[in-house]
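Heads up, the next two complexes both have chain A, just with different partners, chain B and then chain C.
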Partner chain A sequence: MTALLRLIGTGGVIAYRALFNWTTPAMFVGTLLVGPLFQLFFFAYLGRQLGVADDRFYIVGNAVLAASVACVFGGTMAVSNERRFGTLGHVLLSPRSRTAIFLGRALPYALNGLLIAVSTLTVSSLLLGLRIPVTALPGLLLMLAAAALACGFFGLTLGAIGLRFRDVWLVSNVAVALLLLLTGVNVPAAGLPAGLRAVGGVLPITHAAEGARRLVAGDGFGAAAPALAAELAIGLGYAILAAALLKLFETESRRQATLETV
Partner chain B sequence: MLAVGALLHAKQLSRSPFEITTALIVPVVQATLAVYLFRAGGEPGRLLEAAVGAGLMGVWSSVLFGSGGAIQNQRWLGTLEMIMLAPRPPALVVLPITLATALTGTYAMVATLVWGRLLYGIPLDFARPLLFAVAVPGCILGLGMFGLLLASTFVLLRNANALTNTLEYPIWLVSGMLVPITALPAWTGPVAAVLPTTWGARAVREAATGSGPVWPSLGICLAISLACLALGALMMTHVERRARAAATLALA
Partner chain C sequence: MSEHAIEAVGLRRTYRSRTGWLRPQRREVEAVRGVDLTVGNGELFGLLGPNGAGKTTTIKMLNTLLVPSGGSARICGYDVVTRTREVRRRIGYVFGGDRGLYDRLSARDNLRYFAELYGVPGREQRRRIGELLELVRLDGRDDDRVEGYSRGMRQRLHIARGLLHRPRVLFLDEPSIGVDPVAARELRQTVADLAATGTTVLLTTHYMAEADELCGRIAVIANGRIQALGTPAELRRHADGRRVLEVEAYGVTDRQLAAIRTLPGVREASMDVVGAAQVLGVQSDAGYDVQADVLRALDGVRLGRVTARQPTLEDAYVAIVNRVAEERPIEAVAA
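Here is the complex of A and B:
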């Protein structure tokens, strides 16, 4: 068990460090911390101008969503970069559980996403003047962590698809754009058709954003707990789906000898 | 040379399923989002404005990511040295690439308008259709020239791709592509005024909705873009000489 946890934890951290090895703190801050802030401002001002919802709706929703870019692209890169850098074969040759290796890689991205979401919420609240009840903070942190974890596994699912299809970045780009539309972060769920709402219901972020809004509104943890449970369940679902797809596509790639060529 | 080069690079970009699908799908998602937002805000009369705005956002994304990565892409393709060896000023060799990225950005504009018409029944009743047909290419030409400045600036940065991710939303916001500039804090006004994207977006919106005279906005957009082109050309020459002298042309 200790060895498995070491594989998941240490393996994930090493892979994360490798990913960010070539970047600089300035770029990390610019892309992952400043970028989501501008996204939030864009929708907050658009919402204000159209009178769709108040600042709280956009600040909280977009802060939860802020975790998604790092987690979805990170999860995708966790798998697809192995192919890009020619190391996929080495990883798959390992006698250890590849499921554990790859699932472990989602964890640092989830922590990263949590950091981004917290930073976005803090800075935007200060700049746009949102007051968050202190009692809501622990629950809010839990909600953001659940959203980040669900997004990380969602990204890993997309990354698994990268074992089969070459243009996995296309899938990730479209997925991130769809999260903007379908999770009710920017358009109130009531304003979306039932079909789109249903799709949003099985995506990460949707339930966490709803729960976070309840917490910030002062409804208490009890009111937000069902949303937290739903977000965690969705995260678990994507973790299982990612593990299944990784297993399936690895087997298929080995059988067809297309590991590095698809 | 500019026309042939732009056509060549536009063709090359159009062969990439990633580029095409991204240029088509992501703006359509943005347009859908804009349509639902405008509907939720009780502004169904402004849906054409929303579709045009989303299309312009797609054009800017195409220019930003395409021009920002123009040099890096050539480097990755192994063709940067060949391009720089051409007996032409480097700006003339790179400008067709940035123009091509703006050209492929028109897919976004077309996609959002067609999507809006077919799915949401948005009438394409442009207040000044002829001027719209002039304003869109004018805006695209302007953004292509602005792209050269981006390309020459980003070549100096090791992680230019990361910076491009940061610049997408601020320009959408400050240029008033969906959010009116008047809704923003006053200090953003001077920033907006020096961006060709602001004037290009304004010209296209004025042509679509008839909210103002198109020519002044388009003229200012092109004037600022020409200044960007001159600045970008100077910078590109400087960067190219420095890279040759330091033997770092092929290095990130």
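Here is the complex of A and C:
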């Protein structure tokens, strides 16, 4: 049991350092901390101009979304960078659980995403003057953590697909754009056609953003709990999907040499 | 415990690949076409053969990365298709080359990660990693990022990784590629020590001297089939009854080489380039003295040293491989 926790925890952290391209201070601050902040300002001011929705809508939504870039690209790198280093074969020679090896890798990214979301929310509400009730803070933290975790597993799923179909960045770039469009963060869900809204419902972020808005509005934890549960369920779904795809691709590769194992 | 470390029966592997998008072409390569092998515990076994012969493919089937298209194999008694976990616990794999390491991590962290993956217990990791870094002489540079390592240093780190979990069966696929002569000698010593302490080693290499020195038995594989198998002394007999003439020359043409091959008594003729010179090796039946004919065929070419000697393992290898080179076609292309 402790051995399994070591594989998930220690293994996950070493893998994060090995595979994440953006750990240099410049990349980290620029891409992950400052970037999302400007995106948030962009939508907040655009919203003020057009009068579609108030500051709270954009600030809270974009703060939740801020977790996604690090998690989606990170989760992608956590799997598909194995190809870049030619290490996949050596990983697959491990006798240990694939699920533990790969799902453990998503955790540092989730933590990373949480940090970014918290910092984005703090800075932007100070600068734009959004007041958040103190009692909402614990629930908000949970909500952001659920969103970051779901995004991490979503990224892992994309990474698995990238490992197999080789066009990694195409997959994750499209996915990030879809998150921007479909999660109701910047475009109110009511304004989307029903089909797209349904897609948004199974993406990470959507439910967490809605729940976080309720908390900030002072609706209380009870009102936001179903959204939290939905976000966690979505995260679990992607974790299972990622594990299943990785297993499938590994089996397929042993039969058809479809993965570059050395 | 099974009495054989490696057993393979009728091992086959066909690769199917598709190229092109608008007009897809299916290609089939029969990389391994029926390999039978039995390697005993603690044996040091060599697998030699030309590029593309199927050596790496054979190893990948034995180490569970590929499922055989036909035949079966067992490692320490465990089937490589159905008992992968047991097999993986018992094997190490060292693959020659620059890739296969996490460049952004230090040597120590690379080993820490793979120690986790390969199930080295947490308590033992630190000591085991220290031991191995010392063994491959990377201690002192062990906290530097691997991206700054030379080729040979990477290769030595590959070897350390392969040994982390004290595998019972070790697959070494061209382990000495890019390693300097002194380190290569140390590597051979390490491999010999491992075998002496009971580790079974399956080694592929293109260095005949290395195979000759280390291996108890050798299989020569070409065209996906084992063409000869035996101790180095037994293999040398494939060149028995022959003599080898070596001629240093400058500017031999392909046409002249072809002409030499048709001289009476000549069995093989090959050409290597050593520095600025070409070295022509001509194997002939012992009863013939082909020297005069060969030198006549090289009329007009500047010559260096001419020597006659007894055949080596390399000559035997060349004889075996050339013998099968005629019956080639292995690729089938279908639309």
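The criterion applied here is as follows: the second predicted complex is superposed on the first by the 255 of 262 C-alpha atoms of A that agree within 3 Å, B and C clash if a C-alpha of one lies under 4 Å from a C-alpha of the other, contacts with A are read in each partner's own complex, and residues count from 1 in each chain.
The definition used in the following text is that a contact is a pair of C-beta atoms (placed from the backbone, for glycine too) under 8 Å apart; a residue touches a chain by one contact, two chains touch by 3 or more.
Just so it is clear, the model here is predicted, and its values are computed rather than measured.
> Evaluate whether chain B and chain C can sit on chain A together after superposition, giving fit or clash.
fit
> Quick check for you: in the superposed arrangement, does A:G222 touch first (chain B), second (chain C), both or neither?
Touch partners of A:G222: none, neither chain B nor chain C.
> Check the residue A:G129 against both partner chains and state whether it touches chain B (first), chain C (second), both, or neither.
Neither partner.
> Once the structures are superposed on A, label A:P188 by its partner contacts, choosing first (chain B), second (chain C), both or neither.
First partner only.
> Which partner does A:N173 contact after superposing on A: first (chain B), second (chain C), both, neither?
The first partner, chain B, only.
> Name the contact category of A:P25: first (chain B only), second (chain C only), both, or neither.
neither
> What is the angle, as a multiple of 10 degrees, that the CA centres of chain B and chain C span when seen from the CA centre of chain A?
90
> Have a look at where A:L46 lands relative to chain B and chain C in the superposition and call it first, second, both or neither.
Only chain B is touched by A:L46; chain C is not.
> After the superposition, pull out the minimum Cα separation from chain B to chain C in whole angstrom, please.
Nearest C-alpha pair, chain B versus chain C: 12 Å apart.
> Which chain A residues are contacted by chain C in one complex and by chain B in the other?
none
> Would you mind writing out the residues of chain A in touch with chain C in their complex?
2-3, 6-7, 10-11, 14-15, 17-19, 85-87, 89-96, 101, 254-257, 261-262
> Which residues of chain C touch chain A in their complex?
15-16, 56, 60, 63-67, 84-86, 88-89, 91, 93, 95, 97, 99-105, 109-110, 112-114, 116-119, 121-122, 161
> State the interface residues of chain A toward chain B in the complex, per the touch definition above.
22-24, 27, 30-31, 34-35, 38-39, 41-42, 45-52, 167, 169-170, 173-174, 177-178, 180-181, 186-188, 191-192
> Residue numbers of chain B touching chain A in their complex, please.
Within the complex, chain B contacts chain A at residues 17-18, 21-22, 25-26, 29-30, 32-33, 36-43, 158-159, 162-163, 165-166, 168-170, 172-173, 178-180, 183-184.
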